[in-house]
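Notes to accompany the following structure.
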Amino acid sequence: MLGYTVRRILQMIPVVIGATFIIFALTFLMPGDPVAALTGARPLPESTVAQIRLAYHLDDPFLVQYGNYMLGLIQGNFGIDFFGRPILGLILERLPTTFALAMTAWVLKLAIGLAIGVYGGLRHGRAGDHFALVFTVIFLGIPGFVIALGAQTVFGVQLGWVDPAGIRAGWPMAFILPALVMAVEASAGLARLTRTSLVDVLRAEYLRTARAKGLSPNRVIWGHALRNAMIPVVTYLGLSLAGMLGGAVLIEAIFNIPGIGGLMVTAINNKEGTVVVGIATMLVLVYLVFNLLVDLLYGIIDPRVRI
Amino acid sequence: MGTHQLATPAANAATDPADDVLLRVKDLEVEFNTTRGIATAVNGMNFEVKRGQALGILGESGSGKSVTARAIMGILDMPPAHIPRGEILLEGEDLLTVTPKRHRQLVGSRVSMVFQDALTALNPVHPVGRQIGELYRVHRGYSRRDAKAAAIKMMDRVKIPAAVKRVNDYPHQFSGGMRQRIVIAMALALDPVLLIADEPTTALDVTVQAQILELLKEQQEERNMGLILITHDISVVKEVTDQVAVMYAGRVVEHGPTAEVLNRPGHPYSRGLAASIAGEELKGQRLPAIPGTPPDLLNLPAGCSFANRCSFVTDNCLESIPALETIEASRHIDTARHSACFHTPKVLAHVNV
Amino acid sequence: AGTGNNAGAEGEKKLSFQLTEPKSLVPHEDPGSQVAMATCANLMEVNTETQTLEPLAAKSVTSTDAKTWKIQLQDDWTFQDGAPVTANSFADAWNKTATGSNAWQGNGYFATFVGYKDLNPTDGSTPKADKLSGVKVIDENNLEVTLTAANADFPKLLSTSALCPLPEQAFSDPKGYEANPISNGPYQFASWNHNVEVVLEKWDGFKGAAGFSGGADKLVGQIYTAVDAAYTDMTAGNLDMIRNVPATMVSKAKSQLGEESLYEVKTGSKQYTLQIPGYVKGLENPDLRKAISMSIDREAIATSLLQGYATSSDSLVPPSLDSYKKGSCDSCTFDAAGAKALLEKAGGFDGTLIIEHNSTSDQQLVQVISKQIQDNLGIKVQLKPMMGTELEARRNGKKLEGAVFGLWGWSYKSPDQYLSQYETGGDGNVTTGYSNPAVDKLMVAARGEQDEAKSAGLYADAEALIMKDMPSIPLFIPTDFGLRSKCAAMNDSQGDLQFYRAGYGC
Amino acid sequence: MSQSTQTNPGADTAADPLAPTNPITAPAGLKAPVAPVPVGPRRVAKKINRGPIWLKPRFLISGSIVALMLLMAAFPQLFAGFGADPNANCDIMNTNQAPSAEHIFGVDIQGCDYYTNVIFGARASILVGIVVTAISFVISALLGSLAGYFGGWVDTIISRACDMAFGLPFILAAIVVLQLFSERTVWTVIFALALFSWAGGVRFMRSSVLEVRNREYVQASKLLGAGHGRIIKTHIIPNSLTPLLVLQTLGIGGVISAEAGLTFIGIGLTPPSVSWGLQLAAAREYISAAPHLLVFPAIFLTITVLGFVLFGEALRDEFDPKGK
Amino acid sequence: MSTSETLTLPVRADEATATPLMELRSVKQHYPVARHLPVGPRKFVKALDGVDLSLAEGETLGVIGESGCGKSTLARVMAGLEKPTAGQVLFRGQDINGLKGDERREMRRNIQLIFQDPYSSLNPRMSVEELVGEPFAIHPEVAPKAGRKAKIKELLELVGLNPNHADRYPHNFSGGQQQRIGIARGIALNPQMLICDEPVSALDVSVRAQVVNLLDDLQKELGLSYLFIAHDLQIVRHISDRVATMYLGRVVELGTYADVYDRTGQPYTRALMSAAPELRRNDGTDRERIVLQGDPPSPIDPPAGCRFHTRCPMAQAICATKEPELVQISDTHVARCHFATNTPTN
């Protein structure tokens, strides 16, 4: 187990290097001038531009810039942005928010997706199954922002159950609505996967055994079917949590949640390469760590792959 | 010709003291809804098992052996399966009509089942001890600890070495033979009166097969259980059972004491089956084989379903279905023989050609 | 609506306003920040009642030649921690801001100071000096600033946040100061919950006149990344003030929040233009540009798409400026036939007119403009939306391929803020690259003229000259709106809506 | 009992191989009358909607939705009227007019007929949806097969590449990539979306290939001397593709929505392109003033997504070799 | 090293002098056990641990042994699907793993494998025609495109399938028919060697005989050699000229079928025989019933000494320490047991 973890962590190194390299290269290639974005239509004095370019090594060749960045990264230094703020600080400032949002969304998604999936699986081939499919797909088909704006208006403004925007209310009240929207949107895949997996498991011989033992249908499903049905779902769940961390730009904007997504979009708009790469690095790391956790969790759920 | 009813073993058994009969299956039919139509997997099945008796059910793949067993256990997937008619009487109670609750009480404790493939029959994510113990918890309301202790005892009983140590292991950590023993332990846990073993050794190799059969036989005799042993394997039937029912295309075509039926088969299919054993004397010759393939269950022929593979076939066979009739009545019911063929005498006469 | 959020301590006069996460609370580092405006008292300030520029932290600002300016400070003003505000508080702050290597955003405001060049070498070498030679501290209360050229607008410059004073601590402990800035304005910094809110409290020690400070005891800058979220929050009663409300939101607010929630900024300070870089091939002919201008039905767009929240523009400056002359742009009225004729006269146009614009704002407006040009002039128009950085880079690098759609606003109310775009090397001139010695001369003269009426006349002359070449097509003067709750009595100062000046109306 | 085994199955000429193989079997029509047997009551099975009865309509419905949408994408004129042009005949004075007899979907912000626009919007949206899905499908199928089949360093490289693509936040990558293009058309959007949408598919494919790779028929083919190319082409891919296919049809909707999302953050398609994504993004500001701007493209989008998902499911059943 | 390398292996008497068709020389196949740290000793599953065998032309060698003893591995190694860790697999005296290019293709044609599970060895998405035609598609020289259809038809007839069913898919056929398709594929390229890995285990008793008869016929007709692996000892006896017993990756007994079945020289083989009920009955004398206790040891750490000693009913002290060598019992019969020659035949 420890050995496995060590090996996995070693495998992360090339991925982190590769991913940062790609993003670094992409931001480098991106048209536009980071310094230009600092003031908008009124350009900065030439001298200031020169100073900034110098201070941030913007005129160095790409590989040198990348090398410097990686050197810093190894020492845990993500660099500073154009306003002199440490990038790591900027990210860490927002990471808990994003994390809270992603986690909440993920848990809700789990609840919704599993519920619908299990329902569909148990009603396999019958009307309920098709109803579950249509239900999830409709949410898949309506663009996220429509759902978000609708939910915001109804629950935030008209009913006033929660603040429609911002996180002043703190967790959980400020996060429930956006998380729910994210969850509803993302639950389709999970529901389908759960359903398919459950249908497979329901056909398994060991469920026959369970029924032949005279167990009640509830016990058969909750005690024997679900855990097995979860095995293929777990990988997906881990990946989706990682995905949610980076993928909530729209929801963050609509609900005014100061998360990584917003920071990232601003950084991209301003072509702040170091910030962008910093975020990407962070997200890649988070993704990899989750991936590892999922695989370890796998071992807990499925004793056959115990490591 | 509508003579399915003629002198079924069940009918004869009615004269015997009823308490001796553990299970009586009467005119059982099982159909499957498939996309291509309705498949009749079991088509008028009749047999009975008495206390302490071992009944072998022989028959080729797809003849409905497992479906029958599952119907008894009430674990058919319905849909697609449904049981249009028939009765399954366990100690007088019709398992098809009792309430679901009563059914759950009976199944697992009065009648239990050993499955063919132990690896797939055991839930991979629960320790075996828990899977055995669950029976005690559900049926007898044992505490977690007591259930575990009982599970260990059961594992000991089926000769799993170091049961105490292995009770928390998972199925995949056991070898095939041990897994099968665990499944048997599960089946025997609540001292059932009837045990159904559906091909318990097919997935095992010969040396382990011998161990398992030995175990089954031993437990059956020890507890005076009824045993239904389902298999393809004639030698296994010979080894373990007293009575044998030979199935073909969803019905019993021959029924009687094992030795009798296998040495002197009265139905062409049993005859083919018995002959296909590759005895040493056949070395260098062609093996006697039953030609052809079994009929399509979606579209059973009007007449005898074996007719298209039968060397005794006559026009009669193609038109009507021969009933299972008593061919050698006997004072003692256990030695009575039944066969469903128009040509039973001819077949019997042909024996040992 | 508008009161839900005021449930602070009982009777506390609290107002909340829409804010974007500040880069820094130090005014010089982020001069546009509403927090900076609230915390710092500038030397000069616009009185919202009279709409005139008056001395605030200064007792007087005077000059004879508009080149050398004498600044006398108010007596006994202190910072919020009690330390006195001295001439050095200003001079040191200005020196630091003007030093290029600090990369502070306010740097550009000092470009006209003598000595600025020394602090900002363009070749990346270390600055030769660490002080602006044009700034002289005479004594505790007196300063003298020398500019490189006469500029009568200098007092207006003194009203911007980049020229705020800094206390001693800002130099001795910059980090500590960043975290807990102290200034001399009507509100003092209380707390900053990053990305959530900045809380300001009224500073009792503020000695400025009532016209310079607001009515709330507590100001909460709630941080939003998009105005839509702020709007939603306001509809839910969680926010008191929003500014820069887009036209689409105005009509929505009118129906959802009621007419009284809208605050119309009195002075139009912004303008939409379509600027045409001189270096773009094929668009050099002024007649062609005029034809393009005439092909746009500004009235129709203003009433339909912009829902009446904009007026068509017929000058290079907004009407609120003294130099404005109605109809200085004679080709700014819609005339499809005239446009065609003019196009003919200009020899036609067979290329594609590219319109570059920022992809994140005013998409629909650009679209309809391009459509009108295309339909009414019969030429092919292609939109080129892009991100801000790219647009700026293309602008600064003179890499534009066509006209640029943009919105321009002033930092302080002066025709110079608009017309310098067409002065060689002037502020914003990089876009069109327009250069006309006659214009340059008029601009210098106008800037140096301290008599406002004379100055306005000179600016108007310059505009008339520029208009002939039409480097820029005036489009609309948007009506600027703020949104307010019942409690917020909004104010603006010469077109700038400053939240901290709002009165408390509950 | 020693009939030649070679002749028996050979005589099988019945239509169904599982049917009785002896030609002398009585034809079904000549079934001997079977007298009803007075045994226990016949329990009647509840007729359940399975099999062809249900499968057919699902296939038909989803198939016709998909076909309709494809037709709309290919020939919008068929629906919008010949000579229709989404950008012509606009009157800015009509901006945001609600649906009326003249404009059944109303008028859009630019004053153009919205019905025409929505119809013409299908092309870009569906093109993006299908092409991106197709590209990611092909990439997934290829890379997944290679990784799963060859294992070793091929697998390592591909899997790590997947991790990278996965780890990079999609939005970030899409923004950065789209920034590289000065002009954004359907194809650049497709490129950006496709560039990072394959990783999940590859993983998925890889795991099904891992399963298939060890099947005996693969070994059997190897034994015959088949090369890797042939094995991958004829054995691995066909047998591991169905799950991926279903996943990808589920993804079509996601891709179409993603196009809308990109537009929404200002990096998607740009006018004069028309797409549902553009329409939805533009409609956002007018949600309360002109809800029809949102409703119509959203309905079309949802129906399309539903159609594709159902179609995918139906296809899977169709491709199942056992035919159920 | 065991002496088995130098021992003359018993072959069929009449073939003793000719080069064997196939020969295995101390073949080992060790599979590494997955480990998580890149340090420390590697462990191996010793699926084959020094196997010597030879097979004459036209001969059938039966292989028996319990599950996991390496029979399938042997089949794969012989078929050239896997390269052994050590040792050589010779086909007509040439190491099949050293072959290149055309020779390799030729070898591929000549050695074919029939799998246990007929259904899973047929690609479910290919029609019978495609399946049976695949060998020709890979080796077009055997049947050029023009005559291929006829050739496929011929093959189907040969294995007793209706050529009219060529356009059907495997799932449309019964198990026996599926196995026939597999056999048709196997013999399509006119191989000399057919390795059958439990070809009838998945089949019904009634069909089993059909397939065995078919294999018999084909051998007579085409002069094939078989390596026949099965659990069904009767079938093995029926079809084999010689029989090899394997235990934990090694051949523990090898001889003619009569040698092995009637003059068993090795306790494991004896247990195997006794466990098969059908053999007891047809044998003239009563076999002593030996039910082995315990489970087979792990092939990762096989027991020291005689590998069978942990379960052997006649184990002595020596068995735990000394590994027995193959003992020659007769010309045609060897067994790996310390007591091979002094145990009573059964």
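When the chains are written out, they are named A, B, C, D and E in that same order, and each has its own residue count from 1.
As a convention for this text, a residue touches a chain if its C-beta (ideal position, glycine included) is under 8 Å from a C-beta of that chain, and two chains touch if they have at least 3 such contacts.
In UniProt terms the chains read B = Oligopeptide/dipeptide ABC transporter ATP-binding protein; D = Oligopeptide transport system permease protein; E = Oligopeptide transport system ATP-binding protein.
Bear in mind the structure is a predicted one, so any value in this text is a computation, not a measurement.
Visitor: Going by the stated contact rule, which chains contact subunit A and subunit E alike?
Guide: Output, common partners of subunit A and subunit E: B, D.
Visitor: Which is the least count of steps on a path of touching chains running from subunit C to subunit E?
Guide: 2
Visitor: Based on mean C-alpha positions, I'd like to know which chain lies farthest from subunit B.
Guide: C
Visitor: Given the two chain pairs A-C and A-B, which is bridged by the higher number of C-beta pairs in contact?
Guide: More C-beta contacts join the chains of A-C.
Visitor: Averaged over CA atoms, how far is the centre of subunit C from the centre of subunit D? Could you give it in whole Å?
Guide: 51
Visitor: From the mean C-alpha coordinate of subunit B to that of subunit E, what's the distance rounded to whole Å?
Guide: Subunit B and subunit E have C-alpha centres separated by 33 Å.
Visitor: Between subunit D and subunit E, what is the separation of their C-alpha centroids in Å?
Guide: 46
Visitor: Please output the residue numbers of subunit B that touch at least 2 other chains, ranges allowed.
Guide: 272, 286, 288-289, 291, 293
Visitor: Could you list the positions in subunit C whose residues touch two or more of the other chains?
Guide: If we look for residues of subunit C contacting two or more partner chains, we find 228, 360, 386-387, 390.
Visitor: What parts of subunit D, by residue number, touch at least two of the other chains?
Guide: In subunit D, residues 5, 8-9, 12, 16, 18, 48, 50, 179, 182, 265, 323 touch at least two other chains, as defined above.
Visitor: Across the complex, what residues on subunit B touch subunit A?
Guide: So the residues of subunit B touching subunit A come out as 70, 73-75, 77, 103-109, 112-113, 115, 117, 120-127, 134-135, 138-139, 170, 172, 183, 186.
Visitor: Inside the complex, what are the residues of subunit D that reach subunit E?
Guide: Contact set of subunit D toward subunit E: 5-13, 16-18, 215-217, 219-226, 230, 234-235, 238-239, 321-323.
Visitor: Hey, which residues of subunit E end up touching subunit B in the complex?
Guide: On the subunit E side, the touching residues are 66-67, 174-177, 204-210, 212-213, 216, 231-235, 237-238, 257, 261, 271-272, 274-278, 281-283, 289, 291-296.
Visitor: Help me check something: in the complex, which residues belonging to subunit A touch subunit D?
Guide: 11, 14-15, 18-19, 22-23, 26-27, 29-32, 125-127, 130, 133-134, 137-138, 140-146, 149, 188-189, 192, 239, 242-243, 245-247, 249-250, 253, 261, 264-265, 268, 276, 279-280, 283-284, 287-288, 291
Visitor: Quick one: which bits of subunit C touch subunit D in the complex? Just the residue numbers, please.
Guide: Answer in residue numbers: 228, 246, 248-249, 251-252, 255-256, 297, 300-301, 303-305, 359-360, 363-364, 367-368, 371-372, 383-387, 390.
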